[in-house]
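Sending over a structure as structure tokens; questions will come in a sec.
Per-chain numbering from 1; labels A, B, C, D and E assigned in written order.
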């Protein structure tokens, strides 16, 4: 034990040593292990794709850009450890934040205190808006999405629904906003319950939905839980309209749930897939990862890196204040794959909410 | 000599409990080991049965040195041990108990035959063959334990306190049964608290005291020996040192 | 009413699988007197190995893939005992318990290392369940029920009709006496670990067929199985079955009355209360494998 | 070098946590596998009260009291069972606690967790406060160490060891074993709560996901690795485990392989537990005791 | 001093102790004898609260102790030994003794921190007392040895010292001389005599009959869970029922 510890410390010292000045480094606090690693890998691939393009275009003022990935075990504590390391050991002025809103909220005060730019590509909690001036996100706030789901429900003329949501920060946060908006507009929630994260058997939960005889179910959940619920509802012959959120919009959902996913409608912060940016992205993705589908939030991660590169090129220096100004400047009118990335005073971007649906085993836009 | 125990010293952990104990069993004999509590009677049996390896001395059985043989191996050679107290499986039925008892018999036919005979021979337990052994009375349990002898027909049975905790009437029953077993050609080495009873059925007896051989003789000799009584109950000791040792 | 009956049906099916897990746990406890935490990993490894053999590059049909998977799981179970528990058996049960917790953690992470934390599936064709006057059951669910009954039946016959099974019960009753009687300990322990592994793997595979695979699937179910064991009385095979059914039914019926977020709470509460007030289980008036 | 400060603070907090478990596991022989619940109670009570406007120091004291009271309430019934069953009962208790935190959103905000937990008034928030927090954590750890050393080196500790080794003997000499065990659990729970508050106010964000079985295993590892029933064992164990966990970050692992890091770490932790049980059950610093022959 | 009234204890179908009544006054050393399995140890467990009574009651001085937990009985001054030695092998001999002292202030958490001086003073006193007892037992040179390193006989003596440390009014010894050598037995007997002189009552289970005859003023004999005889050792030797209990019944003799 003592010996191996010694070796580890030696390795630690060796690695901490060579910080090549030739590269422009930014950090990424990514869930590469733990429960969110399902998503983390996709995020990483999208970021690496963008990075490759940035460097192919000549990098940042002639130096190549590099992303230091730090794993956060998908936990708040891991995220805090990771950000401490990125800020103080690697001394990076600009970081990409952890995925889950709860983990992001745990680290954003640290970034703000250290005057380190922290950018989120997929953390949606409304509270992140209040994090501070150094925190940005290229992903719209949940506040918008919750309203989006409520509006969708009403547009489809379902005024009585069952609300179920995954029992985690994202699900609960979104459900709260949905509920507020939906009931304020006169909708009625017949039954409301959380379902556990990561279970394999939701049959009894499905039965509970069935019992309320609702025509529509708002199911704000993740991919694997969503797929399992859909599958088990299908098995019991439950015929309802499923309304879902953005977190389950993934080919993986269709892969897991198969036919059961047919006809699901969900909202998501949309962007046109007809833009040249999107087409270029898609082509690039297919070229780099021929066997892999574009992951959830892949586009946002891609945009985040590209936008950051733009800001780094524009920045007068790597000083926090200069970087912050450059970020705002770079965002102005920037049209990325996911649309307009102009930051508001909270560092948030606006969004257009579109709807997705599953038709013939594929995710399509719902009109 | 079927069994020969020669100057064994044995014990658990610290102090040896047995010091240079010797005894022997001839074919067809019932031999009992008696002595006051703490004399090391059960330790002798455990050494003979193979649960305990002596630190000195040797044990010969049927002409072979078995001092270092395991308990199962001794069983296979026809040296059977029936421990005291918990000597049946309460959560198995009577029949199943007999089947386990007959585990060492090779051949299913032979085993079934032996079990059938045994159940016939003991109507008391034969009637209860499908009951769990935990539902048997104390005497029936002891009988069940003894019946293993009938199944396996070993050459030597080592019996530890068969009458422990039994009512007097049942004690007689068990002792009659032990005598009956010798008719099968089984030799018996017996440890008993109930000295008079044990001596009355034994050909020979050994009296132990504090881990040493004290007296030996035929059953009836020992029965009439005042020394035996004194060992059990104390009395006017020859001298103080003797009393203390 | 039919709502509750359907919940009950779900409970019975879930419970029969818990029973499959509980039986192995209780057998090991009955003979070796310790709680094997790593039993959970036998469940997930059974399922993942089946996935491995049924997907590329091996791509055997499912019914064939099950065979090497179960065999390998039994091998894992047996190795657990041989390399870790057997040398530790002289120590206190706590040493064994900590070792089994460590082992469970280790095996689970090996699973993660190989297959990742992602949800996996056998991608069976999706089927609507059969409907019987308003009740729905899927084919897999029926298979689960049938398999659980079949397995427990086989176990019953094994334990009561075969000499090996009787030797096993005898060992659980009184290890020392069994040794005196000539019961071979290596054989008994091999049988116990084989049975425990096969039952766990079978349950794991069924569960995976019914739903999905993920590295935590074992642990999540182990706690239920453990509740079943306690309910049935440690070491009691039939108690484990009844206990499994009880837990399955209780947690599924519970969904009707309180938030499904508390679904697991039911089995936890059962364990907690039982330990405190009926430590020998409702059906466990006596010890020993029966 | 804020990162080093961070790691040191973590190591200190874990030391306190491990010492508190060691009091129960090492000295009293009580295998509490649900110790994380008291860590969680400390963290939650302290965080909730300080959110409600109670001064941090007062909130911390209330948290310790809450952890202690819960400890007593758990101990009295749980001590009816012994050995591995006690371990299971406590483990289950911890999971029940976590589920309550997850589902009672009106109180704990459920999975959203509690962000923005303030630091004590004299410690600056954020990074500026880290040296001060390190000092605070250090004093806390030293205080805990001194307290436990006093407790275990006293007649009280001696009686605990007697009870651990031979309950009947202890009873025959007039020791009320239930009372001693309850006291040990209460003291252990208070100190675990203490570690929990230190953690909550440092990390400033807590959620039910922080109080899982994994956490219990980690702290169990700290104790058995360092050495059960010794004063320095859990401290050394905690430092070793925390530094090892962080040192892994500095291994030059290609990004594509990072996904293997956490499982590997898990394999190593589990493996260490198994190996310790098999090869050196007394840990790195063994308690001076001979096997009873 | 100790009065046992109609005490009964059954384990399932087995009547371990059945309707035993006996009384021990201030008579010095009292013996309890009887064959294996006659219920002697069970009776000791019942007196000291380790087993729960099925029926009857037990009085120690004015107190009814039949329903008290073991530690409370111990605190009344009724201290027992166990049949096999139970040293705390990792503790030193002197610590083994000190740990046995009752009512230590330092065993309470608050005084431990609030009154350290008192705790220290008490520890010093206990240390002195323990040394005195070790001197009596001739174990003083071994005071700082780990108890696990002692020979079996020395451990038995140390256990006696531990009992003395607890300040007993009456001590219950379960086979104090089993497995120890004559020299140590002699020492033990001396110590027991000394204790009697100090007015400590001794109640012992013993199989070494000559020793019982020598030590005890009074013996009780048990057989099959029942008390069959009460009288002097000499009387016991001549009592047919006692002989029968030990040697077996005459009726079937060959």
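The rule we apply is simple: a contact is a pair of C-beta atoms (placed from the backbone, for glycine too) under 8 Å apart; a residue touches a chain by one contact, two chains touch by 3 or more.
Source: prediction; values computed, not measured.
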Assembly fragments, chain E aside and the remaining chains unmoved: one piece
Those chains which touch chain E and also touch chain A: D
Intersection of contact partners for chain C and chain D: A
Furthest chain, CA centroid comparison against chain B: A
Selected pair, greater C-beta contact count between B-E and B-C: B-E
Chain located farthest away, centre of chain C as origin (C-alpha): E
Inter-chain centre distance, chain A versus chain D - centres from mean C-alpha coordinates, in Å: 33
Length of the line joining the C-alpha centres of chain A and chain C, rounded to whole Å: 37
Distance between the centres, which are taken as Cα means, of chain E and chain D, whole angstrom: 42
Overlap residues in chain D, where contacts from two or more other chains coincide: 102-103, 259, 262-263, 272, 293
Contacts with 2+ other chains: residues of chain C: 116, 259, 261, 264
For chain A, residues contacting two or more additional chains: 33-34, 37, 167, 194
Contacting chain pairs - touch in the sense defined above: A-C, A-D, B-C, B-E, C-D, D-E
Of chain D, residues touching chain A in the complex: 1-4, 6-7, 10, 102-103, 105, 110-113, 115-116, 125-128, 203-207, 209-210, 225, 240, 243-244, 246-252, 255, 258-259, 261-263, 272, 284
Chain E-facing residues of chain D, complex: 150-151, 154-156, 158-159, 161-162, 165-166, 168-177, 180, 183, 187, 287-293
Sites on chain C touched by chain D in the complex: 34-35, 84, 87-88, 91-99, 101-110, 112-113, 116, 219, 223, 226, 259, 261-262, 264-265, 268-269, 271-272, 275-276, 279
Interfacial residue positions of chain B with respect to chain E in the complex: 13-15, 17, 36-38, 137-138, 161, 164-165, 168, 172, 175, 192-201, 219-220, 223, 228-235, 237, 241-245
Complex contact set, residues of chain B against chain C: 49, 51, 71-72, 75-76, 81, 83, 86-92, 96, 99-101, 103-104, 134, 148
